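The structure's right below; bear with me while I get my questions together.
Chains: A, B, C, D and E, in written order; residue numbering restarts at 1 for each.
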Amino acid sequence: MMKSSLKLTAAAAVAAFIATSDIALAEEAGLTDTTIKIGMIGSLTGPAALWGWPTINGAKMVYDDINANGGINGRKIELVIEDSQCQAPLALAAAKKLISRDEVFMLHGGSCSGAILPVRDLVLKEKVPMMVLVATADEIVAQPNGYIYRAFLPGSYDGEIIANFIATSPQLKKVVVVGNTDAVANVRYPKLEESIKANNLEYLGLEPLEVEATDATAQVLKVKSLNPDAVVLVARPEASAVFLKDAAKLGLDVPVFGSTLVDLQDLLERIGDPKPMANMNVVSFYKSTLTEAPMARWVDMLKKYYPDDKVQAAAFYGTSGALAVVEALKRAGPDLSREKMVQALSEIKDMDGGPMACSVTFAADDHEGCKTGSIWGMRDGNITALGDSWK
Amino acid sequence: MLEVSGLEAGYGPQLVLKGVSMQVPKGEIVALLGGNGAGKTTTLSAIMGLISARKGTVRFAGVPIQSKPAHRVFGHGVALVPQWRELFSEMSVLEHLDLGAMQRCRRSEIGQRIESVLEYFPELRSHLHRRAGALSGGQQQMVAIARALASEPKLLMLDEPSMGLAPMIVSELGRTIKRLNETGKSILLVEQNVHLALSVASYIYIIRGGTIVKHGPTVAFADERELFQSYIG
Amino acid sequence: MTQILKLEGLMVRFGGLTAVNGVSLTIASGEIRGLIGPNGAGKTTLFNAISGLAPASAGSVHLDGLEITSKSAPQRAALGIRRTFQTVQLVQSFTVYENLLFGLHTRAGNPLTRLIVGSYATPDADADAIIDEVLDYLGMRDLKHRVVDTLTIAHQRYVEIGRALVARPKLLMLDEPTAGLSPAQIERLDDLIGRLSSDWKVSILLVEHVIPLVVKLCSRITVLDRGRVIAEGTGAEIGQDAAVQKAYLGERLDA
Amino acid sequence: MEIATLLSVGVSNGCLYGLVGLGLVLVYNAQGIPNFAHGELFMASAFAAYTANILFGLSYALSMLVAIVFAFALGVVVEFLAIRPIAMNRSLGRASTEVAIVLSTVGLMIAIKGLARIPWGDSVRKLPAAFSTETISVGGLVLSTQRLLIIVVAFVLTIAISLFFSKTSLGKKMRATSQNTAGAMLVGINTGHIYSATWGLAAICGGVAGILAAPLIFLYPDMGTRMLLKGFAAACLGGFGSVGGVFVGGLVMGIVEIFFGRYLATSMMDIFAPIIIIVVLLFRPQGLFGSRSAVRV
Amino acid sequence: MLAAVRSNILPLFFVLLFGLSFTTDAYAQYLINLMLVYVVVAQGLNLILGFAGMFAFAHGAFMAIGAYVSALLMNKFGVSYLVAMPAAGLAAALVGCSIGIPAIRVSGLYLAMVTMGFSEIVQWILRNWKPVTSGTDGISVASPVFFGVELSDDFQTFYIILAVCAVMTALAQFIIRSRLGRAFVAIRDSEIAAQSSGINVARTKVLAFAISAFYAGVGGSLFSLTQHYINPDNFNLYQTIMQFCMVIVGGASSLIGPFIGATILTWLPELLRNAQAFQEIGFGLLLIVFVIFVPKGLAGLLIDKGILPREEYSSRVRGKWVVRKERAEGSERT
C-alpha cells in the first residue's frame, strides 16, 4: 500500500518533469483561423474565493455571448482559466503557464492586486496584451506600460470621488477615515488623503478596523471624540456592516461615505435594518442599482449563461473589461496580432462601459479606461442616485 | 487468586523481567523482596497492565489478564498502590476516595465505601477536604492506599508502602495491612523494609535480576543475616 | 595519592525535598569507589550534583584541586568529569562512531574559532585514531559503523562508556551500568570496569545495585541513605555495618 | 457612559476569548499540546448553527443545541482520527509525540478550513441574532441583546464547567487524568475515553463561542484563525490553569484590548493578542494568577 | 553504478536540474526556481525542527525579513545582490538570535506559541511600517545586475538560485557533519547527555535559531528574485505551514528530505490545477497522514528501506554504507 503510493508519487514527479520539457513556438501565439485563446486568472479557491468565480463569470458571459453570436471576425474565443488563490507565487505560475505552455493570445485576469502585481513585469516583458479583471491597485496599470489595460474604476479614484463629493457640501469640513488595512483597502488611502486635503477639508486621520472585526465600539467612540463632519469608510462589507451598526447604536450621527468595496443594496441586506444605513453613501462602479433598468441587460445575460450565480454587485465588475477586449478584437480585424490588439485597445474612445457608470477611453499613454463612478445614498430608506462623478 | 507464570516484560529494548513465576493464594499476604533494580516494580506494573507482558501469562481468579490494559485489570478487582503514590495533587482527599470507588460500585454505595475505608485511616477524616499535594508523606501514603481500597479490590498490590515514612508510621502501616488481610483481602506486598514484610507476610518471594531466585513460607526466612545476604547477594 | 574528587557538605534541595543532605566524600586518583544505597537514597541526585546537572544548594565540589561548584555541566565535562546513565542516553539514530564523536565535543581546536563559535567548528581531525583505540579496547571495532538502535543493551552501555573514555576523563561516573543485562553480560562488564581505572588512568565512581559486583571491584564503598553518607569502608566492613543493614532491611518494627 | 459602553463590549468580547481559551486549556492540560485546530472548531460550530437555523429553519435555541452536539461530535471524531493514532504510537518519544500531535492539529486546521470552503467558500453568511430586539437601553447605556446573551451564557457555561469538574464523576475523572495519567489508570479510568471526552468538551467551549459570536460577525471559513490567537492570549493570561483563571484571562484580554484601542491606537488592536502571548509566556509563564510550580513548561 | 547514484543523489539532482534548464519553458523553469527556493527555506526549518528538535513556527517571518532586507538594500541603497543576499540572511539570523535568546527559556510547545506570536508581529510590522515596507502595497524588486548584465528572467536567475541552493545544501551538510550538527541532534535526543558530554545547550539552541533563520532569510531573498515583487501576504501563516509540510512530507532530520518535500509540494499543486477546490484539504490531510503513518517522511522511508544510503553525521567517514536493515543480521551478538 505504502509502496505503491510511493511509486505513484515518484511517477507523478517524473511525469511532471517530462511534461514540462516540451517546447513549441507558434507564429502568433494563441491564434488559429477559428479561435482566439485568452487566459484568465482569478482567485478561484482559498480565502479570496469570494472574488473568484463571480467576477470571472461576469466577464466570461460576454465572451459566451459573442461566441453564441458567431464570434469575432470568424474566430471564437477560447478561454483557459487558472487559479491564483490570491497568492503571488501561484498567480505568477498561472501566468507563466498560460503564456509559455498554453500560449494564449492575451490575458484577462487578476482579482487580487498583491497576487497579480508580480505578473505585470512578466506581461510587459513578454509583450502580451492584458486586461485587468478586477484588481484595483493603481500600480498594475501605471505607466510606462505598453500592454496592460483596465476598464473599470481603479482603487485610488474611489477616494478622489468621495473627497470631491464631500467638498460639494459646504457644511462638511472635517473628515475622518475608518477602514481595513489589508491590501484591497490600502490602495485607496493615499489618493483619498491627498484629495481630502486638496479640497481644503480637514483630514483627521485613519482609524484602522480589522477585516474580521466583531465590533467597532473602540473605533466609533474614537471617531466620535474627534467630532468629524463626515466619515469615509473604506472597509469590506463585513467590517462596514459592523461599523455602521455600532455607529448607529452609539449615536455617531454624521454622513458616512463608503468605497466601491461595498454595495448599498448588499449592505442593506446584511444589516437587515435600514436605520444604521440612514447616513450611508457609497461610490459605485455601476450605472444603476442591480434592480433598475440600465442594469437589466447585464443581469439577464448573467442569468442566461450562469443561472446558478448570485446576482450581486461583484458579478459585473469584470464585464466592462470583457466588452473592451471584444471591441478591440473587432477593431483589430481578421489579420490579428498582439501589437494590433494593443493598438486597437489604445484607440478605444468613449465606449459604453456596459454596466459601468463610466465610458471607456484609452490612450497610448493612459490605460485607465474608466475614471468616473456614481454616488448613491440612502434617502428616505431608498437607494438614490446622487450624481455621476466628482472627478 | 493470582497466578503469574513465565512473565517477561521490560521497557523499550530493555528486558527487565526474564521469566517471573509466582502465586498469591486467596486471603494471603505474599511479599516480593529484592534489591534495587531487581524487577519488583516492573512485576507489579506488568500484572497491573501498565506495561505489556511480552511472554508468559497472568491469571487472576482463573481469568487471563496479561494482555488487558490497566483499567480493565482494575475492573477485575486488582488495585495497585504505586511506589510514587501517583496522587492527583490538586484534588482533595475525598475526591481521591471518590475516584477510587466510582469505577467499581454504584453511585449510591460510594458514601458507604468511603466510610468503610476511613475506618482504616481515621486520621484522614479531618483532612477530607485538603489538597492531596498539601499532605505529609505519611498521609499521602494513606490516601494512596485508601484510594485503592475504595474500589474494594480482591487483590491489593502495595509497592514499597513504607518508603520515606517514619518508623512509627511504618509499624502502624504493618498493623493496617494485617487488619486488611483479616477481612479476607489478598495482598501482594513489595517492600524494602524486610522487617515489615516478614512481620505480615505468610509467603516470601525473592527476585533478583528479573527472576525469582528463592521462595518459601516466611518461617524459612527466619535468619535475617542470611536473608540480607540472599537479598543483596 | 592525589584527590581527584572532593565533596564537602554537599546539599541538593528541590523545593521542600532535600535529596542530598551534606555529603562529604573524597576519591583518590585511580580509585574505583562504590556508591550503594536503597532506593531513593539520593545516589542519582548525587551523580547529577557532581556532573553539574543538579545545582548544589550548599557545600562544594572540587575536581583535582580545582573548585567547580559553580561550573555548569558542559564546563565540568570539559574539565574531565564524564558519566553514563541509568537508562542509556545515546542518539539512537547515530552510529557507534558518531556517538563517540560526542565525547570529543570539548576537545580543544583552533583558539580563534573556539572564541567565536565555541568548540563547534573544531574539525574531527585525528578523532579516528582516538575512537579506534577506544573501540579496540572495548572490543567493538567491527561495530564502529553500526547504528546504535540495532545494538544490544550491553553494547549500548559499552558505547556510553566509550563516549566517556574518548575524552580521557579524570573521573568516570557509572550509573547502574549492569541494569538490564544478563549474568554473562554483567560478568564481562564487570571485568571491563575492573581494568578501566588502570588502563585509562581514570578514577571511577560506581553506582550499582548488584552489591557483590561492587564489593569485588571497589576497594572502598560509600553507603548512602536518605541523602546522607551512613557508612564508608571495604566490602567486608559494609557487610557488617548495622546502619547499612538497617538501611537495606528497614527499621525493626516495634509491633 | 463611554467607559461603561467600552466595558460592556470589552466584557462580552472577553467572554468569547475566555470560552475559546478554555477549550485550548482543556486539551493542553490533558495532552500537553496547543490545539491549532481549535479556531476551526469555532468556525465549524458557527456554520452548524447556521445550517440548522437558516437551511433547516430550526429556532435559534434548537440550532444552538444542534451545533453544540455537532461540536462535541466533531471534537471526539477529530481526537479519534487524528490525535489518538499518534498518542498511541509508543515508538515515538514523548517529545516527538507531542510535536507530531501539534503538526496533526495544524493539518486539521487547514483541512477543516478547506472542507468548509466547499459549501461555504463562495460568500459571506450571517446568522440572525437570538432576539429580535437588537439593543436595549439601560439608563442611557445602549446594550446589544446578543452581547448580553454572550455574557450570560459564558458566565453560566464557565460556572457549569467548574461544577462539572468538581461535582460530576466524568469531570473528576478528567481532572484526575490531566493531573496524573498513571494515577488515573490505577483507579480504573480508561484514559482513552477521557481524552475523547476532553476533546469533545473543548470543542463545545469553542463551539459555543462560535455560535454566540456568529450573529455579531459574519460566517466564513477563515473566521477561526483570529479567534485562535485571542484564545491563546486568554489562556496564557490565565496561566493554562483553572477554568476561572482562563475566563478572567479572557475578560482582561477583552477589556484591556478595547480600552487600548480607544485611548491609545486602534491599529494596535490587531497586534494585542500576539504581544500578550509573547510577553506572558516569556516573562510570566504561570499567567496572571498561577503559581510557578503549576506550570508545565 | 547504482550505489554511486544513490550516494550522490543530491549532486545528480543538481546536474539534472542544470540540464533541464536548457529544455524547459518559462513556466517549468519558474517552478524549478521556486522549488529550489523552498528547498533552502525548508533546509533551514529542518535544521531547527528536524535536527535540533525545536518547534519554531516562524519561518514565514524569517523569510519576510530576508526578502525585505535584500529588496530594500537593492532598491534604496543600490547595493549589489551579491551583498544584499547574504545581508538578508544575516539580518534574519540576527532577528532569529534575538527571538531565540529569550525563547530558549520556554521549551517545546510554549516555543511554538511564542514563535507564532512573533510571526504575527512581523506581519503586523510589514503591514504598518509603511515608510519602509510600503505596507500591503508591497515593493517591487529590481533584477540583480552582474557585471553589467541584468538577470531578469527565470532562466538567468536560475543560475543564481541553483548555485545558492547548492552552496546552502553543502553548508547544511557541513553543519550536520560537524560538531555543531551533532550537538543539535544531541540536544534533541537527550539534553542531559549532551550537557554531560560538554555541549552547551543554551548556546546550541540559539545557534540553531540563528542558522535556521539565516537559511530562511537567504531563501526569502531568493524568493523575491523569483517574484520581482513582494508583499506581506507572501509570508503569512500559510507560508510557514507550507514549509512544515515540506519538511514533514520530505523527511525531518534528513538532508534529502527538504528536496523531496519541496519538489512534491511545489509540483503537486501545479499538477492538480484542475482540482483546485481540494488543495487545502489535500495539504491538511497530507500533513496528518504523514505524521501518523510516515513520521520520518519519505526520505526516512527510503533510507529505512535501504533505497537511499543512511546520511552521515561526521565528515571523516566516506563511502561507508551504513544501511539500517543490518538490524536483521546478528544484532543479538554479544
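Assume a residue touches a chain if its C-beta (ideal position, glycine included) is under 8 Å from a C-beta of that chain, and two chains touch if they have at least 3 such contacts.
Protein names from UniProt, one per chain: A = ABC transporter substrate-binding protein; B, C = ABC transporter ATP-binding protein; D, E = Branched-chain amino acid ABC transporter permease.
Given the structure is predicted, the values throughout are model-derived calculations rather than measurements.
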Quick one: which chains contact subunit C and subunit D both?
-> B, E
Starting at subunit A, fewest touch steps before arriving at subunit C = 2
Chain of greatest Cα-centre distance to subunit E = B
Taking each chain's centre as the mean of its CA atoms, subunit B sits from subunit E at a distance in Å of 53
Just curious, how far off is subunit D from subunit B if you go by their C-alpha centres, in Å?
-> 41
Here the gap between subunit A and subunit E, centre to centre from mean Cα coordinates and rounded to Å, is 36
Mind pulling the subunit A residues that touch 2 or more other chains?
-> 45-46, 181
Find every residue in subunit D that makes contact with two or more other chains and list them.
-> 117, 267, 270
Provide the list of subunit B residues touching at least two other chains, using ranges where the numbers run on.
-> none
When you check every pair of chains, which ones turn out to touch?
-> A-D, A-E, B-C, B-D, C-E, D-E
Subunit D to subunit A touching residues, read off their complex = 2, 5-6, 9, 13, 16, 117, 121-124, 126, 128, 134-135, 142, 144, 213, 216-218, 220-223, 226, 258-259, 261-262, 266-267, 269-270
Please give the residue numbers of subunit D that touch subunit E in the complex, ascending.
-> 32-34, 82, 85-86, 89, 92, 95-96, 98-104, 106-115, 117-118, 225, 229, 232, 236, 267, 270-271, 273-275, 277-278, 281-282, 285, 297
Please name which positions on subunit A make contact with subunit D in the complex.
-> 45-47, 49-50, 52-54, 181, 207-210, 212-215, 217-219, 221-222, 237-238, 241-242, 249-251, 270, 272-273, 310, 312
Note: in the complex, subunit E contacts subunit C through residues 178-180, 182-183, 185-186, 189-190, 192-201, 203, 207, 253, 310, 312-317, 320, 322, 324, 326-327, 331-334
Contacting residues of subunit B [partner subunit C, same complex] | 10-11, 13-16, 18, 35-38, 83, 160, 162-164, 167-168, 170-171, 174-175, 191-196, 199, 209, 224, 227-228, 231-233
